[in-house]
Amino acid sequence: MAGSTKVILNIPRLTGLKQFMRSLHTDYARLSSFRSSSEVKPLEQYPEVEVLHNPPEWKYVERLLPPRTVPQPVEKSEYPSGWQPQTANGEESGYFVARTKNHMVPVYLNTRFRGQRRLTIVRYIQGDIWALERDLRQVVEQARNGKLCATRVNELSGQIHIHGDYVDLLREHLKSKGF
Amino acid sequence: MAHLRESTDKALKLLRTLPRVQIGNLRPNPNSKQNDKRGRAQHGGDKHGAGNKGSGQRQNFMRLGYETGNQPFYLRFPYEPYYKGHHMRREYPPISMLQLQVLIDTNRIDISQPIDIATLCNSGLMSLKPAELQYGFQLTDDGLDNFKAKINIEVQHASEAVIAAVERNGGVIRTAYYDPRSLHILSNPKKWFEKGLPIPQRMLPPQDAVEYYTDAKNRGYLANPEEISKERLVLAQKYGYELPRIEDDANYKMLTAAKDARQLFHGLEPGWLINLVDKTIVKLKAT
Amino acid sequence: MNIHKLGISTGSAIGRARYFSSVAKPELPASFVKDDVEYVPERDKSGLRQQHKNVLHETLPYNEAHSWIHLTEKYQRNMYGRYGSKSNVNPQICFGTLAERTKAQQRESITQPETLPELLEKLRIRKAAKQAAINEREESIQKKLEKLDQWKAELNAKVEKRKADAAAAIQRKERLIEEVRRHFGFKVDVRDERFKEMLEQKEKEDKRKQKEAKRKVKEEKMMAKLVQQTS
């Protein structure tokens, strides 16, 4: 469908009511609909252009395109933010806590009852989830000076819920384990 | 929660001794069921909570806020400008230095190139909503003590401590203004290129933003470069660090790469039409 | 699902454990359909319209115009942006006619009338005006501060004078009463009629005396002046 050739279908020029309706939609700053756009005029009315194939500035365009998948982290000597890549593979402990697709440790905080109930959730658990639950419970109870803590284990979805806000604690613990 | 295990054992013991669950054995929780019966006839109905005679029983209630004739509270005060000018107030969603460092550590951002709104939005973890009066990102000081990266970053607002943290590591930080149309384009450049429109030019900041972006203390993009160098030195002395010499750096060219005041993308000028499918740039013929 | 098998060590006590990571592989996502096997369908039972099939195969949906929309600049620009030269659209139309460009320029001159130097000039003027107002107020305060001590002294003097006059009046009254008492010789009640009459007489005399004294003082002053003038 070229810009200059006449169209096969014979569409009559805008008359009367149609013209009025079209004029209602031509407020440039607000509307960018097909109605606010004008018809393609004969090519002479448009400026002359030159098309450059594979120009040297194309590298700047490629920089602006987003990657299609989450990039893999690069090995570095130190990570100042405290992030660590995953080193463990679950053989030692019998359980494995996989990283999220953004390479983060899957420990989250949920709040219920208008913020009065805080739950720490550990996800993506595979293997012996009960052993992990024992480990995490011990860590949390130590932080609570021996007070028992309530946990909920969902083997099917591989999640452990712990009452209380121990997100930072458990995240550091899992990182120290290498997950 | 201390007796959770004990109560579970108790419950299991009960289950072993109690009879089978039948309809006749069940009862709902106390106070869980309310009587749905409507008030009708002599004792079920009677006055239906409306009292005796008077405007109450005759359902002739006064409107909410009416104070039986005197000026009601909600009409006493004529001017309450809580939202005055709210449609003109610019928002700058924050990015903390810690977040930025995590992005750099996990290789979501390429620090070998200048960082701007397009880079941050293309990482997929940040989004900008220009339609909700968000005029760009601001860099906050959360985690600036552990920030260690040499970057060329362009944000829309940054405090003094943040600027010091970036420059201390040998980086370059600038604050620049983008009008809403430019922000729409920058937050999703791929979508814009698929529209088939030539790159427009950036507009100047409005009157109340000119002061901020022409001030060297804020590293504004319209400020005098000489004054910016002076302010770099001042900040280094204030925060007590040795100002790194960018001129001696290998990445000098990348670190000092800056956009023109009317330019949207690095290296691409306004008026160029980019086509991603053909990998062409269409320019107006110079006449 | 992206599957990335980890290294499994043999002889683990638990048994063969396979742990799956949720991290994406560097290559593009895998599909369930094997790509090497060529699938040739007997007939196309997708039920899709031709334009939708074209879109799925990343070609131009409509080859001829079926609606007024296909004749608009916006639609053709979009087609050029999405399909490039395969769209058979001349990229010239993406730049707009001269009329549109002049209109856009006019619009911009209304929405953004000021150049940067003009904006800076306005800013400078506003700042200067603000500073001038501050300076003016500070100057006026400074002037008033200089006069503060003088005003304090004046006020104190006024208060003192008022107190002194009141005290003098009381003293005078006491004196006259004492004189009347002395005149009568014996203790008479103050509120007595005779006492009051005497008091009035005494007051009048006192006033006359005071006036004479004042007049004398004035005359002496005048005399002193005249003497000064003549000499």
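For clarity, chains are labelled A, B and C in written order, and residue numbers in each chain start from 1.
Definition applied: a residue touches a chain if its C-beta (ideal position, glycine included) is under 8 Å from a C-beta of that chain, and two chains touch if they have at least 3 such contacts.
Being a predicted model, the structure only gives us computed values, none of them experimental.
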Using only Cα atoms to place each chain's centre, name the chain farthest from chain C. A
For the interfaces B-C and A-B, which has the higher count of C-beta pairs in contact? A-B
Specify the chain with the shortest distance from its C-alpha centroid to the centroid of every protein C-alpha atom present. B
The distance between the C-alpha centres of chain A and chain C, rounded to whole Å, is 39
Chain B to chain C: how many Å between their CA centres? 23
Where the centres are mean C-alpha positions, what is the separation of chain A from chain B, in Å? 15
Identify all positions of chain A at which a residue touches two or more other chains, and write them in rising order. 47-49, 51, 70, 72, 103
Residues touching two or more other chains, restricted to chain C: which are they? 76, 79, 89, 91, 95
Two or more other chains in contact with one residue: find those residues in chain B. 193, 273, 276, 278, 280, 282, 284
Can you name the residues of chain A that touch chain B in the complex? 47-55, 57-61, 63-67, 70-74, 76, 79-83, 102-103, 147-150, 163
Going by the contact rule at the top, pick out the chain C residues touching chain B in the complex. 76-86, 89, 91, 94-95, 112, 114-116, 119-120, 122-123
For the complex, give me every residue of chain A touching chain C. 1-4, 7-9, 11, 28-29, 32-34, 36-41, 43, 45-49, 51, 68-70, 72, 86, 89-91, 94, 96, 98-101, 103, 124, 126-128
Contact residues on chain B for chain A in the complex? 1-2, 4, 98, 101-102, 104-108, 113, 118, 122-125, 143, 146-149, 189-190, 193, 265-268, 273-274, 276, 278-285, 287
So in the complex, which bits of chain C are touching chain A? 6-7, 9, 12, 14, 17, 19-26, 28-29, 60, 62-66, 68-76, 79, 87-93, 95-100, 104, 107
